[in-house]
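Which chain is which? They are A, B, C and D, in the order written, and residues in each are numbered from 1.
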């Protein structure tokens, strides 16, 4: 059983990553990481309605998607930048529109019912101001029929804050047990 | 009096662009366009908490921001991709965090009270499924103290759909008059 | 073909009612009104989990529900009070939990696919501050499988404001045509 | 230091009440309860724009409001009925519009900066489907300038479920400590 953490953070060892690590320590299986910032992912060119479909794009996206499709469960972990997921993650997800049109990939078929988790981390009032982002993830998972199991909204200001915040970290203990 | 349309679409002459053009035709002043897809904009590297701040980035972002700050009013026009703004636009906005830390730019000071408009365009049920994105824009504008004047949610499926939809287009007539 | 307008306003001839009248004038069929304020509707006593179910309640609720189930389409028209539907309407809807448990009524079966419309009217920034209410209606209609066709967010301050606002009223012209 | 729990549940000892009790056990001060279901609270008649204002209403509302204004902090605890607060609580809050117009009460002045907490409890997917209600509370507290400190979303199906759910209850430990 394998869990993939797709991390949209733009720096190493940020609070989002720390939270995802803490959550992962409670996962009863293998854990893999995908740091989007370390990969080349181009912005989408919307060719959904072109007769010949999408042009091939020379970057890492397709390989990353294959890794995602192989995982048994996925955490989408992103800092809250401007009340949304990071640009790294948004760019990664936008390109799903292209993958949906590649029959050999069986994109939607393989995402169907896959357990999805969300960890976001932001600053002041993120418990309230992060809610539109949670609602957005809900719609995304509905579209691809992933099973939105749980989310966690972390609050932190400066790098390292989360590490000292044992109360927040301890709440992740049953992150994977939610009925 | 000048209006800047910041367009996050990833293709030419899409429905979002058509809607923004229709709205702009009712603006009583000059209209400028910024097509984000035609510019080099790198993803943010979050260095907000680095002692020496952000490293300089060699791309078009700073010039685009200067254009935005000069405008008297701004429309953010974006297709709804995966229930959010396009990656082009998200990447552009993420980098505002960098601009906020450049004192000579007076980023926040010059955005303060600037009228902001949003035009989004999506597919099925976008009137409902686009609402988290509207809520996100509200939070963004609150943060920089822009004056969120109005938004428009367009619905279209295929390229060109909007052009035939005179009912939708006619609703933009008083887009700039909302009290 | 019949349209029922369920009006949650607490006063006569308010702006919400005016908007609903304007919308109804474009409906190609019979129109009926249900003014909740003129009926006795008790708060729910949650007996969903009592072995013997709900006690009978002596008020107008069941008759109102029967009228709703007979209609071919329903507008829920409510002023925005404290960023939600009025207490009149909330009390009316809470009692649906009771009706769901009355097999002879076939509550859910008869609501299934029934076209549902929402008209709300509020004050300052209702275009933004009314959105959680629209999201709530979406969830309600999903639960009973009604077909959420369209909504309209009216803005008005004082009684009669809407009547003078021909721009807002004119936007209701195609309220029932939305694809 | 005193905490008032305003409970909108329609039955005794429900899961919402249990959660509020658990939270209250961690409050470092006196705790009072207000069970809305045990009080007479009439629906609002909107007379905000009548020259002579609101007519007096013969029920318990004003006394309840006085109790709320005296408290040092308030928990609004409500089951999620139809994706919103209960009719009991909505009816109670709608009447705030009347209280706002009674100068001797100093309604807004006395709510200003008062710490506000929200506990909601619902069924399946309430972590997602309860979010519009949290957003509504945010807007309510903004309007009266209360200080929205924290919220808790409980999940339970049948009466008593929460009592057995030590993981959920344990998360309330630091409910009042959130920075």
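A few points about this structure:
Basically, contacts are C-beta pairs under 8 Å (C-beta built on N, C-alpha and C of every residue); 3 or more make two chains touch, one makes a residue touch a chain.
In this text, all values refer to a predicted model and were calculated from it rather than measured experimentally.
Comparing mean CA positions across the assembly, the chain most remote from chain D is B. Averaged Cα coordinates give chain A a centre that lies 24 Å from the centre of chain B. Centroid to centroid, with C-alpha atoms defining each point, chain B and chain D lie 38 Å apart.
In chain D, the positions touching at least two other chains are 131, 135. Checking each pair of chains for touch leaves A-B, A-D, B-C, C-D. Chain C makes touch with chain B in their complex at residues 127-128, 131, 134-135, 138, 148, 150-151, 155, 167, 171, 173-174, 177-179. Contact residues of chain D toward chain C in the complex are 9-11, 14, 37, 43-47, 49, 79, 81-88, 90-91, 93-94, 96-97, 129, 131-133, 135-136, 139-140, 143, 158-159.
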